[in-house]
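Listed next: structures, encoded as structure tokens.
Two complexes, one shared chain (chain A), two partners (chain B, chain C).
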Partner chain A sequence: MLSFIAKRLLSGVITIWFIATATFFAMHAVPGDPLTQEKAMTPAVRAQLEARYGLDKPLFDQYRLFLGNMLKGDFGISFTQENRRVNDIIREHFPISAILGIAAVLIALVGGIAAGSVAAYCRNRWPDRLVMVAVIAAISVPGFVIAGLAQLVIVAMNNAAGKTLLPVAGWGSVSQIWVPALVLGLGTMAYLSRIMRASMLEVLSADFNVAAKAKGVHGWRLFFHHQLRNAVLPVVTELGPTIAAITTGGFVVELIFAIPGLGRYFVQAVQQLDYTVIMGTTVFYGAFLVLVVVLVDISYGLIDPRIRLHRGRS
Partner chain B sequence: MSLLNLESLQVSIGSVQAVRDVSLSLQAGECRALVGESGCGKSVTAMSLLGLMPGAAKTTAQQWQFAGRDMTQLTERDWRQLRGNQIAMIFQNPMTALDPTQTIGAQIAEPLRIHKGMSRRDAKMRAIALLERLAIANPAQRAEQYPFEFSGGMLQRAMIAMAVVCEPELLIADEPTTALDVTVQAEVLCLLQEMRESSGTAMLFITHDLGVVAEIADSVSVMYAGQTVESGSLNQVFSTEAHPYTQALKRAVPSLENPRPLEAIAGTPPDLRKPPTGCGFAARCSQRMAVCEQAPPPMPVGEHHLARCWLWHEDHPQRWREKEGFTKTSVIGSSRS
Partner chain C sequence: MAISVFRFAPKTWGAADDVEAVAPLPLPPMASPMVVLSALMVLCLLLFVTVGPLLWQQSPSQQWLSQISDGASSAYSVRIVSDNGDWRPSAKSDSPRGLTIHTANTEYVRLHWPKLAGVERYRIYRGDANKPGLGLAMAETGDNYYQDRLQLSREVYRYTIADAETGLLLLAREVRPEPAMSAFEAQLQGLIPLGGNEEWVDIPAHPLGTDALGRDILARLMAGGRTSLFVGVVAPLLYISFGCVFGAIAGLMGGWVDQLAMRFVDFVVALPFLLFMILFRVAFGIGPGENGIMPLIVAMLVLSWPGSARLIRGQVLALRSQPFVEASRIAGVGTSRIILRHMLPNVLPMILVAFSFAIPQAIFTEAFLSFIGMGVSPPTTSWGALCNDGIKTLLSHPRQLLLPALLISMSVLAFNILGDALRDATDRRSGVVRA
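Coming up: the complex of A and B.
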């Protein structure tokens, strides 16, 4: 088990190096640089700034410098946010994105498993049809439309009630988390419920399910002990990519709900060619995803003993 | 009083009349074999006996008593208390019938936890003891393992343990040896027999293997196209097979003493979506008569020996001759000598 984790982490490091290198050179291949602004600056000022940020050095030296700093865990200073260190930007804003993302993943996971199971139990009857129509709607309508609709509904509700039942946007209270989290997780929830329905249908017709019933197992015990554990693996498999999509894709929802998450900086940095912030956020998200995927891989073994890599209690 | 008395069970699933008329009776401790080819309704009968047919299936019976209870009146709640407790089942394929994500020990202990309210520890101890009785080495260690770590024969033993752990009054074994190697089959049969004898459990043994029947059963019911066509004691059914289908089945089994070419039964079973109005076997029967257009009721062949065939009607010329003292130039004899 340990050697497995070590191997996965090592390959993760290589992945991150690759991501960093590819991003670095792609970024520099884009015409312009962080100092390109509408207002032209004098060549003297420009040369001074370039010297300060190390942009006057050959590209490969810049790359070496960046790698060295990255290994020390330092991503430098932002070009556009005056004197803010990239590390600070990540430290301040990522937790917000993470809370939103975790809430969204949890909602998607629980909702998807529940909806998929209900659909499978009621196969071809109205609850199944209802879930499947909702799934298609949730997958095909883009997040920003749903976000806007959700805000309209909240506003209408608040107006009808004559007081603020739910805040429309902003960040800080619990009631400000779950609406954007639901919006953010809705597409994933729909996707997961489809997978869950298919795999639950398989379990429901499996021999061991009938055999468990023949032992007198029923109700929630049957569901949690025998059906869920067997049916949930394909959903867990999707969890890695799902967490990736939700945490990095939260940008639009963050923007609409005025949530000060990291997504905004990520996108702004690309628009403004803020080299250090681009590199910092990209490498950070890359590392985060590699870690999540390893964790998901380890969790398989907890769910399905056949995937457990070593006997021995890990 | 018999443990199970089932008369004229009918099960239809949508337009398929999977079981058209099955009657079974079992005494306490008796082992009855239910024999028939694939698709004749054996497994549906077994599932119905456990109340496990899906909601879409329609089940009726003229009479259905088990341990003195009227089974047609049971609620789902009653059924749950019965399943795994008084009636248990051994499934055909142990590789798929055990939950891959639970340890063997937990799965064997589960009925005890549900029905006997035992603590996790006590139930596990009992499971381990049972595994030991079933000749599994290192039972305590084995109980912690998962189905994928067991061989087929060991899995079937675990399956048997799971079924007998609550000491049920009726054990339904649905082709318990079909999925196993021949060498393991005998071993599993022996264990089943042992378990049955030590606990006095009655068993309904579903199979299409006549050799196994001869080894384990006290009595036999033969099924064809959703009906029991013949039933009687092992001796009766094996020495005077009365129904032409039973005769044909026996001719399809190789014999060491009396080597002869095997005979397949010509034709195919009837489509149970549109079952024939007359005898279900008539289309494939070599002794077909005009009267076979009408459905035969079960007719007595001997004491407790019934055959659903017009050949055994008291108006059949053969029966006349027997009555008047003619020697038996038996309809069966012609096929055997």
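Coming up: the complex of A and C.
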């Protein structure tokens, strides 16, 4: 187990290096640079600014500098928001994205597992049909459309009530978390409930389920200890990609609901060619996702002892 | 990688032990009503974007400035009016009987009424005829005529003349102005040639209305669909082909080439997709006058090929050690012939399935990128870009978001159902080797 973790961590580190390198060179292949603006700049000012940001050095030196600073955990200063450090931007705005993401993942997980289980229990009856239709709808409608529709519904609701039941956009209060989180998690929830239904159906017809029932286990205990624990495994495998999808899907939801998260800053930075912010956020997101995948891999081994056994043998 | 399930026995060998006994399906899955329906849907969408523009010959970028964010409208003719300066009624019709409308079109409405004894100044109100109340106070005048040139549209108006001092209502009349346009504006919009003296101009119908810039939504949906479906089909075609070649080479060469290739695949897979999609899309850049479709496709190619490479490599590895491949090798069949005649037919169904699932994925990606403004650049449009336009007017004109969104959803749904059916069909019939 320990060597497995070490191996995964090592490949994670190499992956992060790869992400950083790819970002760096993709960034510098972009035509133009952040100092090119509408306002003309005298060559002297330009040279000074270039020296400040290290743009006057050869590309490879810049790369070495970037990697060295990255190892120290320093992503430099933003180009467009003067004197603002990238670390501060991440520190300030990532928690917002993270809260939104965690809420979305929770909603997706709980909703997906519940809907999938209900559908499997009521196979081919109306709850099952309902869930499956909802799943198909949620998978084929783009997230930004769902976000727009959600806002429309909120506005209609507020108008009907004559007062503000739910805020349409913005950030800061608890009531402003749930709608964006639900919108963000909806696609994933649909995907997870499809997986959950399939695996629950398998569990329901498995021998151990019959045996447990014959022993007299029933009700919630049967569900949680015997059925859910076995059926939930395929869902856990999907957790890594799920979190990745939700964090990156957050861009749009943050834009539409006017949430000051990191995703919005990333899109903004790309549009303004803010080298340091782009590289900082990309490496940060990349590292975060790699870490999540590694953690999910490890937790998979913890939840299902059989995996550990297989790994030990091979 | 042990291959335990071996379901590749040719049918002539009879039922081998390890061939799973599958109950014969009464209805082949490819012909279920859902699948037929989605195939029809795909066909309709393709016709919509290819044949549609031939039937509906409106330019998607022509702006109808008199119809901003309008609902569905039918075609009508507009009178070209040139005289748009000050006006006063001719002397001989100085005393009309009652409130007279001399001309009423959307450029100007000319009112004339008899002088009433004891009234010094008149106040003119204009209101919506379907609503109670006087409406807007337009002017106060000592004359007995007035020309209204303030933002008229094709509704029924009610004009009311009141005594300015006492507020006493004197005269009222309802009028529906006929559509008109000044010659200057018609020339500006390119509806009549410069110096032309046409009297009428035809404004075409907009069955789905116009967007916030007055452009025909139906024409824009067709133009946008062409981009979306083009990207949706061409990008997967390219990256799946590349992935297949890459994976096949890795699988066939084996050894350190395979190891190295697969490590590389691992890294590319680890790149956060949308983040790098945006990054590469910017890195490849858009020159002036380019539409941004090519950078989008290239970015997708760079990031999306590893999935199919892994798939094909696994298949090739599994097939390579199959008895029938070994048998043909022993029989002296050349490598290229083995690949073409024995391996390709066996991986082709999987490639097709991967392709059909990649299409909705690509449509989604394109829509997402265009939506955040990182996709195609104007004046080229796509369904995602249309959604981006539409979300700005969501609360007042939800149709402008819902129509392109509906088309995206329909195509994604249809391709997903087709992919599902294709997967089921290939799974059951050809019995692809499961590695």
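What we mean here is this: the second predicted complex is superposed on the first by the 307 of 314 C-alpha atoms of A that agree within 3 Å, B and C clash if a C-alpha of one lies under 4 Å from a C-alpha of the other, contacts with A are read in each partner's own complex, and residues count from 1 in each chain.
What we mean here is this: contacts are C-beta pairs under 8 Å (C-beta built on N, C-alpha and C of every residue); 3 or more make two chains touch, one makes a residue touch a chain.
None of these values were measured; they are calculated from a predicted model.
Colleague: Here chain A is shared; do chain B and chain C fit on it together or clash?
Modeller: fit
Colleague: So, does A:221 touch the first partner chain B, the second partner chain C, both, or neither?
Modeller: Only chain B is touched by A:221; chain C is not.
Colleague: Applying the document's definition of touch, where does A:290 land relative to chain B and chain C: first, second, both, or neither?
Modeller: Touch partner of A:290: chain C, not chain B.
Colleague: In the overlay, answer first, second, both or neither for which of chain B and chain C A:208 touches.
Modeller: Only chain B is touched by A:208; chain C is not.
Colleague: Which partner does A:43 contact after superposing on A: first (chain B), second (chain C), both, neither?
Modeller: In the superposition, A:43 contacts neither chain B nor chain C.
Colleague: Touch check for A:229: first (chain B), second (chain C), both, or neither?
Modeller: A:229: touches chain B, not chain C.
Colleague: Tell me the contact category for A:252 with respect to chain B and chain C: first, second, both or neither.
Modeller: In the superposition, A:252 contacts chain C only.
Colleague: More chain A residues touched by chain B or by chain C?
Modeller: C
Colleague: Contact-wise, after the overlay, does A:278 reach chain B, chain C, both or neither (first, second, both, neither)?
Modeller: A:278 contacts chain C only, not chain B.
Colleague: In the overlay of the two complexes, what angle sits at the CA centre of chain A between those of chain B and chain C, given in steps of 10 degrees?
Modeller: Once the structures are overlaid on A, chain A sees chain B and chain C at 100 degrees.
Colleague: Superposed on chain A, how close does chain B come to chain C by Cα atoms? Whole Å, please.
Modeller: Minimum over all C-alpha pairs of chain B and chain C: 16 Å.
Colleague: Can you list the residues of chain A that meet both chain B and chain C?
Modeller: Comparing the two interfaces on chain A, one with chain B and one with chain C, no residues are shared.
Colleague: Write out the stretch or stretches of chain C touching chain A in their complex.
Modeller: The contact residues of chain C facing chain A are 266-267, 270-276, 278-280, 282-285, 360, 364, 367-368, 371-374, 384, 387, 390-391, 394-395, 398, 401-402, 405, 408-410, 412-413, 416.
Colleague: What does chain B use to touch chain A in their complex?
Modeller: Interface residues on the chain B side: 47, 50, 52, 80-85, 88-89, 91, 93, 96-103, 110-111, 114-115, 146, 148, 159, 162.
Colleague: Using the touch definition up top, name the residues of chain A that touch chain B in the complex.
Modeller: Counting only chain A, the residues touching chain B are 206-208, 210-218, 221, 225-226, 229-230, 303-306.
Colleague: Show me the residue ranges of chain A that touch chain C in the complex, using the header's touch definition.
Modeller: Spelled out, the residues of chain A in touch with chain C are 11, 14-15, 18-19, 22-23, 26-27, 29-31, 136-137, 139-145, 148, 151-152, 155, 244, 248-249, 251-252, 255-256, 266-267, 270-271, 273, 278, 282, 285-286, 289-290, 293.
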